[in-house]
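Below, chain A partners chain B and then partners chain C, in two separate complexes.
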Partner chain A sequence: MLFFSFFKTLVDQEITVELKNDVEIKGTLKSIDQYLNLKLDNISANTTKYPHLIAVRNLFIRGSNIRYIHINPSLVDTNLLQDASRREAMASAGDKIGGK
Partner chain B sequence: MSALKSFLDEKVKVVTSDGRLFIGVLEGFDQSSNIVLSKSFERIFSPTEPTKDLELGSYLIRGEQIVIVGMLDDEEESQTDYDKIHGFQLKDTKNALR
Partner chain C sequence: MSESNSTSSEPLDLIRLCLDEQVFVKLRGSREMVGKLHAYDMHCNMVLSDATETIFYTEQDSPEIKSRTKKSDMVFIRGDSVILVSDAANV
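The block that comes next holds the complex of A and B.
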């Protein structure tokens, strides 16, 4: 659930999503769910090559078809993310020892 | 998963993992983002031929096939002359990394 929480901190920020079909979409992140499905507002995409998204402003992207998400580095606290990763790894290791 | 709720009863454009584009009214959806469209049609772009619309009626699209569900701005859509718009077929989502 770490990356779900992480992406929740990026809500209302501008991100670029690269999909597995090679399409790139820039937009404002509006919501995210447990599957990392995204909702983007005010999107822009290359409609000259692929006119499929003409007249679309707000869209839902299924998480399973996302390849990369480009984030402005200033929005990411890598130290905090590393700490959180360690904490989550420790917690799940503890669960195993505890017999869960 | 409530992200699709705001698109209910609205006209949407749906891109599927095989690169096709469906347009219709979003009638319903579920946890796995399976969706049902009514009054739907498939739109086919070509670099040379005029754009084609294929009438389909009601359609259920399985969630795992869905890439994008986008809300359609009716005004901008009606101002677009699709006979004059050419484009490439979208790739599917199975293509390997460059």
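The block that comes next holds the complex of A and C.
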């Protein structure tokens, strides 16, 4: 759930998504779910290479097709992320002991 | 295994010890990424900063392996592409 929460803090910010088929799409993150499916608005893609997307404004990306998401570093609190990672690691270790 | 035992040795604990350190990540599609690790989860989703991606490729009719690099200030990597994670000092 860590990255779900992380991306929720990035809603309405501009991100660049690189898909596993090498398509790169820049757009405003409109929403995100637990599978890291995305909804992007006002997109721009490399339309000389991929003219399919030339008329598209707004799209849904199934999370499984994502390779990378590039984020503006000024939007990220790295200390907060590291603390959250450690907390999540502790919590999942706790779940195993608890028999979940 | 007790909860207070922070040196417990699950595989993912190795990644936890790399938080805030330079890591080397080998990825599917002949790609490697080196950067500072800020977050990870049980799927090996990760966030790296000041990352350098190296993509290896060959050109037609040539056995020579070439590479090109790309830089990213802050990048999220989806875990299903990850093959291995290591302390960058080991590479």
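Before moving on, here are some points about what is shown:
The criterion applied here is as follows: the second predicted complex is superposed on the first by the 100 of 100 C-alpha atoms of A that agree within 3 Å, B and C clash if a C-alpha of one lies under 4 Å from a C-alpha of the other, contacts with A are read in each partner's own complex, and residues count from 1 in each chain.
What we mean here is this: contacts are C-beta pairs under 8 Å (C-beta built on N, C-alpha and C of every residue); 3 or more make two chains touch, one makes a residue touch a chain.
In this text, all values refer to a predicted model and were calculated from it rather than measured experimentally.
Of the two partner chains, neither chain B nor chain C is touched by A:9. When the two complexes are overlaid on their common chain A, residue A:50 makes contact with chain B while staying clear of chain C.
By the document's definition of touching, of the two partners only chain C reaches A:36; chain B does not. In the superposition on chain A, A:64 contacts both chain B and chain C.
Touch criterion met: A:20 reaches chain B and chain C at once.
Overlap of the chain B and chain C interfaces on chain A: residues 20, 64, 67. For chain A in complex with chain B, the touching residues are 19-23, 25, 30-31, 33-35, 37-39, 43, 47-62, 64-65, 67.
On chain A, the positions that touch chain C within their shared complex are 2-3, 6, 20, 36, 63-64, 66-73, 76, 78, 81-82, 84-86, 88-89, 92-94, 96-97. Note for the complex: chain C touches chain A at residues 1-3, 8, 10, 12-13, 16, 19-20, 29, 38-42, 45, 47, 49, 72-78, 80-81. By the touch rule above, chain B contacts chain A in their complex via residues 1-4, 6-7, 13, 15, 17, 19, 21, 33, 43, 45, 51, 63-64, 66-74, 76-77, 80, 85-88, 90-95, 97.
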